[in-house]
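Presented sequentially are two complexes of subunit A, the first with subunit B as partner and the second with subunit C.
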Partner chain A sequence: MTVLPYLVAGWIFLIGVYGLVTSRDLIHAVGCLAVTQSSTYVLLLAVGYRHGGTAPVFADTPTDSRVVDPVVQALALTDIVVGATVTALLLALVVQLRKRHGTVDPDALSELKG
Partner chain B sequence: MSARLRLWVFLVGAAGFAALFAVACFGLPSFGSGYHPYGVRAVHAALGHHTANVIASVNFDLRAFDTLGEETILFAAVLGAVVLLRQTQDEHRTTPEPAVVHPRVRRFALLTLPLALLVGLYVIAHGQISPGGGFQGGVVAATALHLLYVAADYRALERVRPLALYEVGEAVGEAAYVVTGLAAVLAGSAFLANVLPFGTFATLSSGGTVPVLNAAVGLEVASGVVVLLARFLDQAVEIEEPGEGEEDAQDTGDTGNGDADDRDDADDGDDGDDGDDERERA
Partner chain C sequence: MDSARLLPLVVAVPLLGAAVLVAAGRRLPRLVSDLLGCAFAAATAVAALLVLVRAGHAGPGAYPVEWVGGWRPVGGSGVGIVLVGDPLGAGLAALVSLLVVAVLIYSWRYFEEPPRRHTGSFPALILVFQAGMCGFALTGDLFNAFVFFELMGVAAYALTGFRVEEPKPLQGALAFGVVNSLGGYATLLGITLLYARTGELGFAQIGRRLDAGGPDGLVLAAFVLVTTGLLVKAAAVPFHFWLPDAHAVAPTPVCMLLSGVMVELGVYGVARVYWTVFAGPGGLGHPAFTRALLVLGVLTALLGAAMCWQQRHLKRLLAFSTVAHTGLFLIGVAVLTPEGVSGTALYVLGHAGVKAALFACVGVLLDRYATVDEHELFGRARELPVVGALFAVGGLALCGLPPFGSGLGKAVAEEAAGHTAGWLPALYVLVSAVTGGAVLRAGLRIFAGAGRRPRDQEGEPETTGEEEPETGRRLGRIPVPLVAVPAALLAASLAVGAVPAVASAMGRAGALFTDTGGYRRTVLDARAAAAPALPPPHWQPTGIVLGLLSTALAIALATLAVRRPARDGTAALLAPVRRLQSGHIGDYVAWLVAGTALLTVLTVPGIR
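And then the complex of A and B:
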């Protein structure tokens, strides 16, 4: 079945969003966001895959060898770096929330505070 | 919105997404097919610029301007995290107690540390000829430093980690990227164009500006990750929540009590400080 890898990416996305929707804990929600984002890695790598292709690095392979698509791999790399730093920023926000409001339950965070 | 209603809204949306996404997937070229017009052109361009690692070529040559944006996101995210996690007026800092480390753990971590650091630097330097580059190598090098935290304790880590230096390092990495781009402009070409000689294929000096940009990114990522981890570790190890210091001191019993009180007195003097002086003293 040739569309299975794409469908797996969609499934990971939905699992991540489900976790975000039902989350009762902001740390858990940040983790779910990371899962949601990882679906894009699967999608990108699935789009770039070629049967029989090797890594697009020609240091010790002949320059006419069959390689997988390097463009989507570069995009996945960008995705990972941005994802990691944004996750760190969100976790920093959660740390401060826990300190100021004493809770990490998003449902308990209804009041405004100066 | 109640949890049940929220779940129903999600389920309706998810069903719609799943249906549309599945239809879209069946319209995509089948998995593993050979038709990759962008990939073929990227490989051609990379080989033309003597860069063996096509991914590095895409990131630092073809899409160098995009990577500058990406690097700026990284810079801004680290800056944001540092601002969010700074020590506030009502928090105070305690010096963590020296921890007991199992000798085997200590030996293994101390052996691995230089090795991991070397691997990190190798990955940064060989970004244009082997898988890896500034982003990956930077993370390896930065996390290698934290093996000292595993091997010894937090104070040992702080000794090899003058945080201000790494904060400067992060900014220098970002600046070096822009300066490399501007140097191309001065050389009479476009911003971030590859103007350096391409060198011999598959050697360390190949790829023109690719290794230079790799090094800049490596410096920024390594410094950024060190700063980021330092701020999170500060929160976990050193900074106590407002009003919880006294309870903690009582919990640890008679040994910790006197020390904690002394430290409270010392801290009262420089509450308005940004905390850097305190760290250097520790």
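And then the complex of A and C:
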């Protein structure tokens, strides 16, 4: 077992959060959120990986062969669906904001203060 | 029918309703789609109540457990998804559904006539939101909880930005969406770590496997990550920044749901995950959990109360009052006793009715005067005595006036908290007096025109209440549902405190909820858990006195504020805190990271 995938997952999460904090463009911010989310895919796949395992499809392999964990793959798929929904909705909000407000710079959105 | 079979219906019926409304909503007239929405929401409420009755009256402590699709665990491990109808979870699902019915009735006459071919969209979104919340309350599976968490999140972002023609709702929805989704992904990372350790996803299974080993860094990291997402939903300081922005701009019926139950579901999630997964010897130690949640809860309560007092935008005022009360709920959970849990559950029940009623009253003001600014509205609503009376009653109930449910919950929770630290009851009294006082102050100015007209101050960060009304034209006459719904909600809140059966049911729910071993036996081994017998929560003299004290304090504060308006001293003192609420998404995310770090520091001593 190697720790590299776990470190990569942590790094992707942090870099996404950094992008969100410093972002000057809402489209970019939503992209950063998607980057943050992709860290969860990496972590899920790293957790389910078995050294020397094949895909968990038993059609043409013996039932006792070594396979990677199918549960995390199902989780990653669900996660992707959830992420696609959230990203699509947020991007739609940004597009609408650009139409109504004329800007996508978070520094210019200051109507909700105090 | 076996009541366990009803559990999937509580999630499926609103989803089905949403699908029907989306498919047929284009052709239906407004009235029919509203009625359909109400019918589906009410059917869900009936199913949830049937489960609740079953959970409350069966033999010793058993409650319905349904393995969806018959995928039962074999030898304590399994891949199936489980729904658990324990009294607290089923009670929350019932509360969600009843509030959704109230909200749908309220919005009959509330919205502008929707554009043709879109009549079904609002009730359909509300039904999706309901399905997410009910599923989150009933699930016994951690990954499923994440999915329902995101489902209710997405529906809530869409509902917050429902009025897409205006820029403010879009900003609020965007901040809400980004911060909550980030919290959700943190939760998913934590879930993955727990799966890596135990190979399980159910609460009960993970808990059992964790207890085979000792607590270590991985368990701590998993706890912090999972809890971060739930605390973001619960709007605990410093994860709370999205809440006032979202509440200030969301349509009023949506605010009723957000403040009434969604935020509380975050608190419920923290409590549920801790008691079922981390409460054993392999999880996080009780003192560490208590310390972490007490610190966050006290900070949340104090900051929420201080910010609440400073607001002139009525929806933001109520939003910060929700933040303050969430702090009190967190404290009730943090003390880790059955009394704390049942007191908090009663408090949540009472609070949901009161807060939704207050938002409903503000909605009437918004639609009649096109503003929710306390200063703008000064004295203008003298012509609405009934709404004013409801608003005042709501403010008094928020202070914990006996015999309202919020008062009983506050009394029980503060007594439980008092056993952990003697000064906590004083905090309960202070926070409920300040938040209730702010509501009463606003009510006195708006509905009675009491005192002098407040001056506007220059140079301070301020959100005033210039809002577009949500009806097509300003309301002339107030339609009946806009007054009947808040009245019914306040009556329900009164009933929670005045009917002893509710309190004793909550006492039993709290006892079952905190019985970690019993939960695991009921879910995994299908063996009835014997509920520990506890005296049911009831009105005690100290509780009544403290409730009256906080009410008196609130009335005094409100009178003082009306008589001697706007001293600059307190405003200047709180200006730095108010500046934190910058409306900038990057700032909110930075605070989220800081909060996660704080949570880690507070819980590190819990591992060996």
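In the analysis below, the second predicted complex is superposed on the first by the 110 of 114 C-alpha atoms of A that agree within 3 Å, B and C clash if a C-alpha of one lies under 4 Å from a C-alpha of the other, contacts with A are read in each partner's own complex, and residues count from 1 in each chain.
Everything below uses one rule, namely that a residue touches a chain if its C-beta (ideal position, glycine included) is under 8 Å from a C-beta of that chain, and two chains touch if they have at least 3 such contacts.
Computed from a predicted structure; not experimentally measured.
Of the two partner chains placed by the overlay, subunit B and subunit C both lie in contact with A:Val71.
When the two structures are aligned on the shared chain, A:Thr54 is found in touch with neither subunit B nor subunit C.
Shared-chain residue A:Leu93: touches subunit B and subunit C both.
Legend: residue contacts after superposition of the two complexes on their common chain; A:Val82 is shown touching both subunit B and subunit C. With both structures placed on the common chain, the touch criterion links A:Ser39 to subunit C but leaves subunit B unconnected.
Looking at the shared chain after the overlay, A:Thr22 reaches both subunit B and subunit C.
When the two structures are aligned on the shared chain, A:Pro106 is found in touch with subunit C, with no touch to subunit B. Once the two complexes are overlaid on the shared chain, A:Leu7 sits against subunit B while remaining clear of subunit C. Residues 13, 17, 21-22, 47, 71-72, 78, 82, 85-86, 89, 93, 96, 107 of subunit A touch subunit B in one complex and subunit C in the other. On subunit A, the positions that touch subunit B within their shared complex are 2-7, 10, 13-14, 17-18, 21-22, 46-51, 55-60, 63, 66-74, 77-78, 80-82, 85-86, 88-89, 91-93, 95-96, 99, 107.
Those residues of subunit B that touch subunit A in the complex are listed here as 3, 6-7, 10, 14, 17-18, 21-22, 25-26, 28, 30-34, 36, 38-39, 42-43, 46-47, 52-55, 57-59, 63, 66-67, 70, 73-74, 77-78, 80-81, 84-85, 91, 129-131, 135, 202, 221, 224, 228, 231-232, 235, 241-242.
Within the complex formed with subunit A, the subunit C residues making contact are 79, 143, 147, 150, 153-154, 157-158, 161, 164-168, 170-175, 177-178, 181-182, 184-185, 188-189, 192-193, 195-196, 201, 244-245, 248-249, 310-311, 460-463, 578-579, 581-587, 589-590, 593.
Interface of subunit A with subunit C (complex): residues 9, 13, 17, 20-23, 26, 29-30, 33, 36-37, 39-40, 43-44, 47, 71-72, 75, 78-79, 82, 85-86, 89-90, 93-94, 96-97, 100-101, 106-107, 109-114.
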